[in-house]
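In structure tokens below, several structures.
The following pair of complexes shares a single chain, subunit A, combined with subunit B in the former and subunit C in the latter.
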Partner chain A sequence: MANMDQTVYIAGVGVISAIGNNVAEHLASFERGEAGMAEITLFDTIHKHTRPVAEVKLTDDELIAQTGLSTHNGRTALLSLVAAREAMADAAIPGLEALRVGFVSANTVGGMDRSEDFFVRFLADNSKGKLKNVFDHECGSMTEIVADQLGITDFLTTISTACSSSANAIFYGARLIRNNVVDVVVAGGADAITKFTLNGFNTLMILDKEFCKPFDEHREGLNLGEGAGYLVLVSDKVAKTLNKPLYCTLSGYNNSNDAYHQTASSPDGTGSYLAMKKALDKSGLKPTDIDYINLHGTGTPNNDSAEGTAVKRLFDPEYPPMSSTKSFTGHTLGASGGVEAVFSALAIKHGLIYPNLRFETRMSDLPFEPERKFLKDQDLKHVMSNSFGFGGNCTSLIFSKI
Partner chain B sequence: MTEKNHITSSCSISNGTVNKDDHKAFENHGLDISAFLLSVYQYFHFNYPKFYKMDNLSKLGWLAAEILLQNDFHKYNYQPEEIGVVLTNSNSSLDNDLKYFDTLKDIPSPSVFVYTLPNIVIGEICIRNNFKGEHAFFIQESFNADFVAQQVNYLLDNNILQACICGWVDVLGREYKATLFLVEKKKTEKSLLFSAENMNSIFNKN
Partner chain C sequence: MKVYIRSAACISAQKTFGNNDFLTDIVEYNSTRLTPVEPDYKEYIDPKLIRRMSHVIKMGVATATECLKGAGIDMPGAIITGTAFGCLEDTVTFLTRIIEQDEELLPPTAFIQSTHNTVAAQIALMLKCHAYNNTFVHKGVSFESALFDAIMLLKEQEADDILVGGTEEMTDTSFTVFTRLGLYKRLPVPNLSLYSAETKGTIGGEGAAFFLLTDKPSPYNLAELTAVNTFYKPKDTPDIEKRITAFLAANSLIPEDIDLVITGKNGDARNDEIHKQLSNSLFKNNSLANYKHLCGEYAVASSFALWLASNIIKNGTVPEVILENKLKVAAPKKVLIHNHYQNKYHSLMLVSAI
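Coming up: the complex of A and B.
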């Protein structure tokens, strides 16, 4: 029986990125104002000294030791398992084995980091290289590998829509609960840094040579990041059985596409405007109800200009505090919607607004600027989280205090 | 129980020739592929500036779809979500991938890079026509009409789509061939039954 009015609650969160290996470390890094960018160490590249990246500060070996996964699974699966496990442990749902549980996980690179290792040796001599090192590298395998470890079997799916992937995974998960397909969903996503993404973004000329400066007039691009972020979404029925406070509800969501260009947003931010506007409509809220926006804010001239234009169109003249946490984590691509959904849920629970690091100069065509300070003890009732992807794939999520 | 679906239009572009349904619509021999595709664009008086930015795979597929849908496709009877695209080829986006690879010697070209995926041609067709239905791109050794029929019948018979553009769009170097079919649920005067046999017959004729 479908129950479309059913509220979807967030019962647990888990995250790993360049600024921490768990939720507590992230909160500490935000408070200290410490960004996670540095020189790349994961692989050899001609871009090593010129393109800072935000790597998770654990090697593959350390992640393997921590997760117990085998070596040929790829870094995306390793990161995914760390954050998804933290989220499930955090939710601590009593009697989970009797409930219908889903895993909706997003990623864009799959096991490409391992494929790239294999390819170098194989290209030099096609009798070299072990096939087990290119087995299970498609995006869907990341989800299956992690679901096996989590013991989730009732519903699995993978979403890959570029940088809005895990925001879409979260609202897909919410729809599964609202339609009574499952009782609990672990939803979010993961992505590891790979040569392909680094070189691809470099080709598009949107990597900053310095640490990124989201929403600054003199921004020059993004820093590539990696990580994973998951929410545990539960139905009303399950929420009533929990022994600890819930974080918030997912009150609104929307995905809109401006079909403008393969990689660029339309200059007027049509897709981002529609996503924010329709997410508000879905939640029944007005722009003035939003207390904080976690911007997509990649730091590229195109994104921040388009997103800023869309924010202006929707919120003018009263702007809520807003910031891009990519100034800490870099752009974690398919993981970013999940990572930032975790930040949004934490913002509501702990009353936090995160600083937009390195902001100096307001963009010339915008009448607002992002928050620079770490603010505590804020009364946040509604938080919007934006995730906009290549292909014009734009998603906004709204989280609300209970 | 499979419903009966129908090929209500077809278009092939290969060997310097454009065929629409069962007649020759244009021919222009002896040109390289870029010049030939431009001559098709000009002959049909298309006006779509974005055409000039496309790679050859997208140009070929876009032109075939434009000609396929000319005249009698009453697309406005369908909702955007009711029209889908299922394409196949054997060389993926390799034609453009190699051109991109050449640019690496100098400065990697962003405008070439964004066409290094085969399904971009589906995006170009959908953006042009405001199609928002299901779409898929399959890479196979050669044109597999049985496979295409199975995919498209599934989408139509389960009411996931009401109309579907399907077929083959392939470019590599000097070689190119596109054969597209418009498949609808309704029979028309000149429509053919949507079957692997009929697709093969049109594909092999051109």
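Coming up: the complex of A and C.
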């Protein structure tokens, strides 16, 4: 039977991004205040020296060696497998074989990195181009490749709602548990940096030539990042069987649409406001209950202004500490909701508030500013994580201490 | 709680859109690529917007608009779409320009519209709909994933009047690549004799279908969407039979209770072998129908089948052109759609009379 009031627990986390290949490396990078941005090395591009990006510090070959995959069907799948595997190992669920397990993964680029290779030859001659490079172009292929490696068959799906993709995957996973479709679900997302997305964001003129400065008055855009982040969500029943402490619960979530413009956010952040407000309603919490907000905070003038306005509308006059970890990881697009959900779960578990790097000047129209220091030993009961994307897709998640 | 299909709209290779005739005037093709019969989009979309919209966006937005009109709903409670490949035309355009122009002086429009959630986003934008908005991109069960989400939302009482659809476009590039991958037949084939060839490959199609789902009973509802399920990589045919039997049993049914089984046969000998085996085992006493000779094969072709099943139940008639064997019940009350995608993803949709 479905039980919509059932608590959904986070039992494991896994993450890979420019600041680390696993959870431990991320925590160390946060503590050192070390960002992951640098010059592009993954592919040749005219933007090499002018658009810093936050690449995972492993080549495709190194990722293949690490994951043990025999074929290269997309960097997104490689990143996805590393983080999803870490999350499952971390959860260490006893008797997993007897449980119904789902994999809900999100991405936006699919096998685009391989399709780009295919396309160069294909364009010159339609009978050329290696078909194996385009065979797994679909976003769904990334999910399938990883699910096969993880041995998950009971429920698979892929979500793609631009930069809110994996936040939607996470709460979809929770709903699958509450609807009694699965007992355990690995949920999150992945995205690799590709020439396609780099040039796409560049045409929109929202890439910073320097390292990004989220929520700063003089912010000039985002840095593209890449990575993957997954949570292992478990039902109440499974939670009771675990031999190790749980991270937190997923207590609230909402997906609302800004319905303003295909790429730009509305000036008053309608979608962001609705997502945060309704996620609070869902969790039964008040704005003053939130102890930390992991902002979407891309560093573009438009996003931070809209998100900031929405935060002001909802939280004024008492603002919780907040920061954008994209100042470390860059904007990992379809992975960002998953990556930052992992950071949120870790924040609750270890009592951490992450610094918003390179912040100097408060935005003129906002009465608050992000946290600059790495804070430890914080008692965080409720953490909000925001993920907003193209198409007006706005999603907020709330994680709560057990 | 029951889930009802309040309205359905479909653009396909047949005259399915804005047309009261139910598959009476069949469009015949002699090709491996079926093209959609499209409306005058100006009647459905602001002409200022049409110019910039790619094919799949136009199909999706027009179909969604027609579906809402059919339901008499101005503002849906959620918008959910399914698509395997997303906005291919814009993706190919942007990728081509990156290569041909060496990354210089690229216009942003194709990139902006290339994201998979563009259709759902454009519908929200057009309606100023701030509600739940999601897009599923899981290969041959993208549409079923969207439906599954819609049903859960209704059960959770998070939303009503849910607009859910499947969209997929074919471009010259994807047709060329899919042909090279061996998905389509080598030679043109008359679509109405698709299943008799028994050769490798199918015929490609594209289209959009949208549905308005509600939990409110109404004499205007087309049908009840009784259940939807998918399964991945079945071990063998007995495993498929076991899963279909379990699906029916969960709805207190046995195969003999089904008045019409709509299969996902697509003319590819290997693909159709599974359906053939089932027609000799589980469904040996059932009336059988096929649909991919009408709309072609595409990742969300099962959305055409759901449109078909909804109309069969509402109209109380079965178009002759879809039947594989003799119809036992003239006006079917229980229709089962069984689709599969390369035998990796199977989907089951049970549609019942209200």
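In this text, the second predicted complex is superposed on the first by the 396 of 402 C-alpha atoms of A that agree within 3 Å, B and C clash if a C-alpha of one lies under 4 Å from a C-alpha of the other, contacts with A are read in each partner's own complex, and residues count from 1 in each chain.
Just so it is clear, contacts are C-beta pairs under 8 Å (C-beta built on N, C-alpha and C of every residue); 3 or more make two chains touch, one makes a residue touch a chain.
Since the structure is predicted, the reported quantities are computational estimates derived from the model, not experimental observations.
Peer 1: After the overlay on subunit A, what do you see for subunit B versus subunit C, clash or fit?
Peer 2: clash
Peer 1: Touching A:L204 in the superposition: subunit B (first), subunit C (second), both, neither?
Peer 2: both
Peer 1: Once the structures are superposed on A, label A:L274 by its partner contacts, choosing first (subunit B), second (subunit C), both or neither.
Peer 2: The second partner, subunit C, only.
Peer 1: Taking the superposition on A as described, I'd like to know which of subunit B and subunit C A:S256 touches: first, second, both or neither.
Peer 2: Touch partner of A:S256: subunit C, not subunit B.
Peer 1: On subunit A, which partner's contacts cover more residues, subunit B's or subunit C's?
Peer 2: C
Peer 1: A:G391 in the overlay: touching subunit B, subunit C, both, or neither? Say first, second, both or neither.
Peer 2: The answer is both, since A:G391 touches subunit B and subunit C.
Peer 1: Classify the contacts of A:L156 with the two partner chains as first (subunit B alone), second (subunit C alone), both, or neither.
Peer 2: second
Peer 1: Return the residues of subunit A at which the contacts from subunit B and from subunit C coincide.
Peer 2: 199-200, 202-204, 259, 261-263, 391
Peer 1: Quick one: in the complex, what on subunit A touches subunit B?
Peer 2: Where subunit A meets subunit B, its residues are 199-200, 202-205, 259, 261-263, 391.
Peer 1: Touching subunit C in the complex: which residues of subunit A?
Peer 2: 2, 4, 45-47, 108, 115-116, 119-120, 122-123, 126-127, 131, 134-135, 137-141, 143-144, 147, 153, 156-162, 168, 172, 175-176, 178-179, 181, 195-196, 199-200, 202-204, 255-263, 270-271, 274, 389-393
Peer 1: Any idea which subunit C residues touch subunit A in the complex?
Peer 2: Answer in residue numbers: 79, 84-86, 91, 94-96, 98-100, 102-104, 106-108, 111-118, 120-122, 124-125, 127-139, 141-142, 145, 148-149, 152, 155-156, 173, 176-177, 180-181, 232-233, 344.
Peer 1: Spell out the part of subunit B that touches subunit A in their complex, as residue ranges.
Peer 2: Residue positions touching the partner: 108-110, 113-115, 120, 123, 126-127.
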